[in-house]
Amino acid sequence: MDPSGNFDVTSMAEGELGLSSPSVTYEEPASVWHRLARDHKISIVSIVVILLFVLGAIFAPLLTPYEYDAVSLSERLMPPSPAHLFGTDEVGRDVLTRMFYGSRMSLLIGIIPTMLSMAIGTFVGMIAGYFGGKVDTIIMRIADIVMSFPSMLLAMVVVYTLGGGTFNVFLTMALVGWAGVARVVRSETLKLKESEYVEAARIMGVRRFRIIVRHILPNCLPTIIVLFTLDIPAAILTESSLSFLGMGVQPPSASWGLMVNAGRAFLYHAPWLCFAPCLAIMVIVLAFNYLGDGLRDVLDPHLQSQ
Amino acid sequence: MLVAPLCGLLAQGCASQADRAKRGSVVTASATEMSTMDMAHNDSVYWAQLNIFDRLFETRMVDGQATVVNSLCTDYRRSEDGLTYDFTLREGVLFSNGDPLTSSDVCYSFSRLLTEAAANTEIPLQIKGGEALMKKEADRLEGFRIKDNTHFSIVLEAPNGGFIAELSSPAMSIVNERVTRTAKNFGKEPTETIGSGPYYAAEWVPNDHFTLRYNEHYWGEEPTVKEAVRRIIPDASTQDLMFQNGEMDIISLSEIDSLIVQRSYKTERASQIVHNQQIGMTFVALNETNRFLKDVRVRKAICMAIDVNDIVHNLMCDDGMRQNGIIPTGIWGHNDKLEGPPFDPDGARALLAEAGYHDGDVSFELALSSNGPQLLYETVSNQLSKIGVKANIKVYDKAAFMEKRLAGEVESFIGTWFMDYNDPANIMAVFFGSPERSKGRSICYPNVDIMQRVSAAKHIVDDERRKKEYQDLERKIVIEDRAWIPLYEGTRLFCTGDRVESFTPFWAGYEDFCVKDVVLKKEARA
Amino acid sequence: MKGSKASNLLRRLLYALIAIVGVATLVFVLLRMVPGNPVATLLGEHADKETVERISSSLGLDKPLPVQFADYLLGALRGDFGVSLTLGKPVAELIGPAFVNTLWLALAAALVSWVVGIACGLAAAIHKSTIIDRLFMGFSLLGVSLPVFMVAMLLQYVFARYLHWLPVAGVTDWTGYILPAIALGWGSAGSIARLVRSSVIEVLQQDYIDTARAKGRTSTQILVLHALRNAMLPVITLMAMQFSGLLSGAFITETIFSINGIGRLAVQAITGRDIPLLQATTLLCTFVIVMGNLVADLLYNVCDPRVRKEA
Amino acid sequence: MAQRTLEVSHLNTSFFTERGEVKAVQDVSISVGKGQVVGIVGESGCGKSMIARSVMGLVKKPGKIVSGSITLEGKELTSLSEKELCKVRGRDVSMVFQEPMTSLNPTMRVGKQVQEVIAIHESLPKEEARRRTLEMLSAVGIPEVEARYSAYPHELSGGLRQRVMIAMAMVMRPRLLIADEPTTALDATVETQIIALLKQLAKDGTSVLIISHNLGVIAQLADYVYVMYAGRIVEKGSVFELFDNPSHPYTHGLLGAVSSLRSQTKVLQTIPGVVPNLAHLPAGCSFAPRCKECMAKCGSEQPKLITVNSEHEVCCHLIEGADEL
């Protein structure tokens, strides 16, 4: 299925061991990190994995003796060897080197558009939820339009309108992603708006902007953090699908999606071309998903199933 | 997991895919669907034209040299001044619906290209009165004179030594006048698209498959293939798999990496490989309005920095031939004495320095159309970077690329031109025939005199003189002006499946071919 | 009560209509912002500028934009989407059969994802925190983490290339749907499994499950009679929405397996800059998604008595 | 002594978590006679509900009955298989839960939910089962039973839902009804009605084990009371004896925390501190850390159950000390 945006955001709350009456209450509330380490060890592993990838991306030039774009036609499609641990690609470039450089692009694609869509979605969602009325109706109808447009198709159309290229892919994915965030944040805001302390702040004459920033935003944060963590892998997958259809990042930039796309013609005859980037996509997406799951359990935001 | 046992059951039920092939039928695949079978509206996919229709003449490969042979026309005579041609049509030719072929069908076919006024107007426009017909100032083609059912003559506006070769172009296919005149959907509806070729269109599910079936009225020798299905498979690796799985009988290997072809097809199926020179030229176009590229020394440096032998040997696994001119090998008028500059990066650097440029000074856009040869681009760009020239690859969507190119705004690109007919005009005039044409190809060649001569060369009736003039001009453009950077002529490889005895591709090396040139093994015949 | 229910339905329909018209407008505007004349690509290498302009005007591409937009909307209402630039046929004729192919594919994929997803989710929920749970959940997380094209290519190589059991691509008979259905259903099977698991676990912690046990029901009876129906409520919604997703999102699967469906048409329309075809496919996909959401809402209303009465 | 309806002796129920054993119920013995109403009282989290669950055989997964015996009319329940337990539950012993809002299946009509119990334990024709269901529903005081039969839980008020729960528990005429905080979620007027209904049931011969943190409810309903603290019975006695003469400091505290009409003091007393973590119980008396009258001995030695009089036993070093003096 279309990989983007299909992560169910249902609460995976497991209920602490089902201890209904002898509750283990009155303990010091552990920090998020402690609870992650205690109940979701795999989240910690995920964080380590993600950090490793980030380090690999930052220090790519130090980790490999090759240039990521050094064409060497006499060394085309060489199988893995001590000189080229993951072999060479169809124009003789070192696959491992391109993996390191590709992780820059793929991580950026995971993070930057997601941050953008989070920012837009949060802002718009809070405005819609807080002010209600016509503003809400208009914003939510626009969000409806974006959401009824199959995300992959919208991305393809926007990429084609703007042309390929890194920046446009960033923009496209942000444009596609904000609506879902806006919906969740809006419903959260609606709930918070009715809460006593917001009511109290309003009665005391606190300005609306201040209420939104000081009272509503911080309480939406857990939700936003979890959404963010779960949207990153979705973005990486969307980019790889776009690249697969030739509409993502354009060469000679390297991204994992692009490498898989180039390598798929060689899947049978030179599998190392696909293997490494596929594995990387899989691992990083799994890591972010596990981390997202863990954060969701620990932060327990109010995410509905839709 | 649930799937595995299910598939096990299936495996028992269905035999190997190859055993399911229908006798007398071949399956082939292409990534691109035709938009129409109508030659007046299509010029990129020739599958329908080559198999459903005939032309007055055909071009065939004879000993590596393209040669024009008779087809629907059995005899012709050219007048002294090269303006008038008298033709004799083959007797007893029937269309696939049983109608007889007459001179009137030929006249209608040529006139129609002009009245439709879309693609392929260039050749009939040379016939006297062609311009008037196209502009609707006349209602018939003045230069086309019908004598009787099998005899007619054509008068040209100006002499053209390559006219007969041009008549073998797929665009000049002969249609059935009676059916086509009344057709609502010629070219799209199989029953309304009638030709005299060896096959007729039996079924067309756009985007899925197109089926040809043998035309019982065909005048030529009966082919062994009675049915040909052309499936649309956009993905080259899927085609590869399908062929390996026995689901296809003939595969064009041009979209599969040459090294893979070398490692798998050439080693495992060497005897089934069919080579065919692609009569066409791959070249680098440099726009002379660019502030760097207008300097001939820069163009020459670029020329010297591209290691064509490396590309042909390593990127193409020697499935290609280095070219030094404009007129490709295999075309009449090709000059094999032309010599390109040697691969010499140091010399190139020196030339750049002489022109006043240092490392990184020269920088331009190398425009790649979204479906273009990406590896070649990356290779060339990388080779140029070694002499300090930045050729930045920029990917454009096909339409955007076309529009930019037609407006003369592409800074540089790598293109391939395939020949439609066996005459130098088919490439020289296209790129250097006039300032407009040169601009439309984003070369923007400034030398007006040369272009006038290219345009006029076509009208030289004497073959030797015409050849000499073309070669002269070619030398000026390529060697002196470096306005055209030739790379190579490719070889198209086909691989035939176990059911195919022999196969002859189309002379110009298109992916499309004449199905009648496929011979099935005895056991696979109907 | 009835009045409010009807007006609620009307409001939803209105929203759906707004969304569809909105998408239609959005696509129209986006496509007109693109540089490059689609006709140029169509005519190919041999065409010169004049020919391109002549053909463009014959296709009405030179009319003022508002006029083109009006033509397009009015045509769409009549089911006339113009003629495809790349395939040369009326778009409506192309979309009909393509939609049927896509529908079959989506049904097959839905079957795969529902059966596999619900089975895995249930098994994991019942054996919560055991090795079975970890295995199935790892499996389903892999389902949502693997790009669909990787699954598709893997299936092609294993079942077609090595085992020769199934055709690589294309649909000549029903066996052609098996691999694409698995590839397409795989991802949504993963998310369904995750939702089923969490939903069943949540329901199994509800007090009424204790009540049922106190009545003397066995675990299996409880699961079937009490837990499943309640646990399936959110799942049904997800399934309805995913089905519309399958119907309108098989771009990659249809391309890899060469199935002549809506998804591949859309991809071809984009790469070929086939504006009429692209407009029609996006409109169709949007319609499907909007209807899917509507059906999901209605299904939820039907299945959950709490919502049913409130509406 | 005549055969008791329920006899729990030396019951130990623990949870086995990653961080060790949590002893939810320790060495608890309880006895309920026929037609008797027995109450268990204690703060939340002290293990009351675990006793109920242990009796029902409904202890959830990491939890387990470690030792002890539970007999229902002489029949040992702890050794029964799950299948045999299913036959007992709902027929011989049934349970009413605290939350009427969530204890009913939201997607099932309430009548069906009651009728289901009959279907599980008896093969009756549907009509007959329905008739009995309707009878039972009206017996617990539900008006317009025909209409209510096909209502969904969310369409009923809290009180009605609890009545449905009671109907469900009583429809098979069980020997023992366990009511776990049956009125906690209800408002005061409804509470009174439900208490009256339970009283009526006891009068009709059903033994009732009622669990509550609300001493008021216990005082109104129970004949005999057990006071629980941190998984142990700390004091037990007949309702009058216990309320008139509380011996354990904790019971004192509990009573002090209730505003009573009889009480002369205006200020409510509270028990300082909280229920200790069951995973890390102090070595001696578990109430010691909160006890105002704590002695040195309390921190190290577990007190034994001491008989105050024939109707009253307590588990406290203070009493022991009194004896010694």
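The letters A, B, C and D name the chains in turn, as written, and every chain counts its residues from 1.
Assume a contact is a pair of C-beta atoms (placed from the backbone, for glycine too) under 8 Å apart; a residue touches a chain by one contact, two chains touch by 3 or more.
Just so you know, these numbers come straight off a predicted model, no measurement behind them.
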| item | value |
| --- | --- |
| Chains touching both subunit B and subunit C | A |
| Which of A-C and C-D has more C-beta contact pairs | A-C |
| Chain occupying the middle, per Cα centroid | C |
| Centre distance in Å when subunit C and subunit D are each reduced to the mean of their C-alpha atoms | 53 |
| Chain centre separation (subunit B, subunit D; CA means) in Å | 90 |
| Euclidean distance of C-alpha centroids - subunit A vs subunit C, Å | 21 |
| Cα-centroid distance, subunit A relative to subunit B, in whole angstrom | 46 |
| Of all residues in subunit D, the ones touching two or more other chains | none |
| Numbers and ranges of subunit B residues touching at least 2 other chains | 237, 241, 370-371, 396-397, 400 |
| Multi-partner residues of subunit A (each touching 2 or more other chains) | 18, 160, 246, 264, 267-268 |
| Of subunit C, residues touching subunit D in the complex | 206-208, 210-219, 225-226, 229-230, 233, 303-306, 309 |
| Subunit A-facing residues of subunit C, complex | 15-16, 18-20, 22-23, 26-27, 30-31, 33-34, 109, 113, 128, 141-142, 144-150, 153, 157, 161, 184-188, 191, 194-195, 197-199, 201-202, 205, 234, 237-238, 241-242, 245-246, 248-249, 251-252, 255, 266-267, 270-271, 273, 278, 281-282, 285-286, 289-290, 293 |
| Residues of subunit B defined as touching subunit C within the complex | 2-3, 6-7, 10-11, 14, 16-17, 33, 35-36, 41, 43-44, 117-122, 187-188, 205-209, 231-235, 237-238, 241-242, 244-247, 370-371, 396-404, 406, 417, 436-437, 440 |
| Contacting residues of subunit C [partner subunit B, same complex] | 34-38, 40-49, 51-52, 54-55, 85-89, 94, 97-98, 112, 115-116, 119, 153, 156-157, 159-161, 163-170, 175, 178, 182, 255-258, 260, 264-265, 268, 271-273 |
| Residues on subunit A engaged by subunit B in the complex (per definition of touch) | 69-71, 73-74, 76-77, 90-92, 160, 163-165, 246, 250-252, 264-270 |
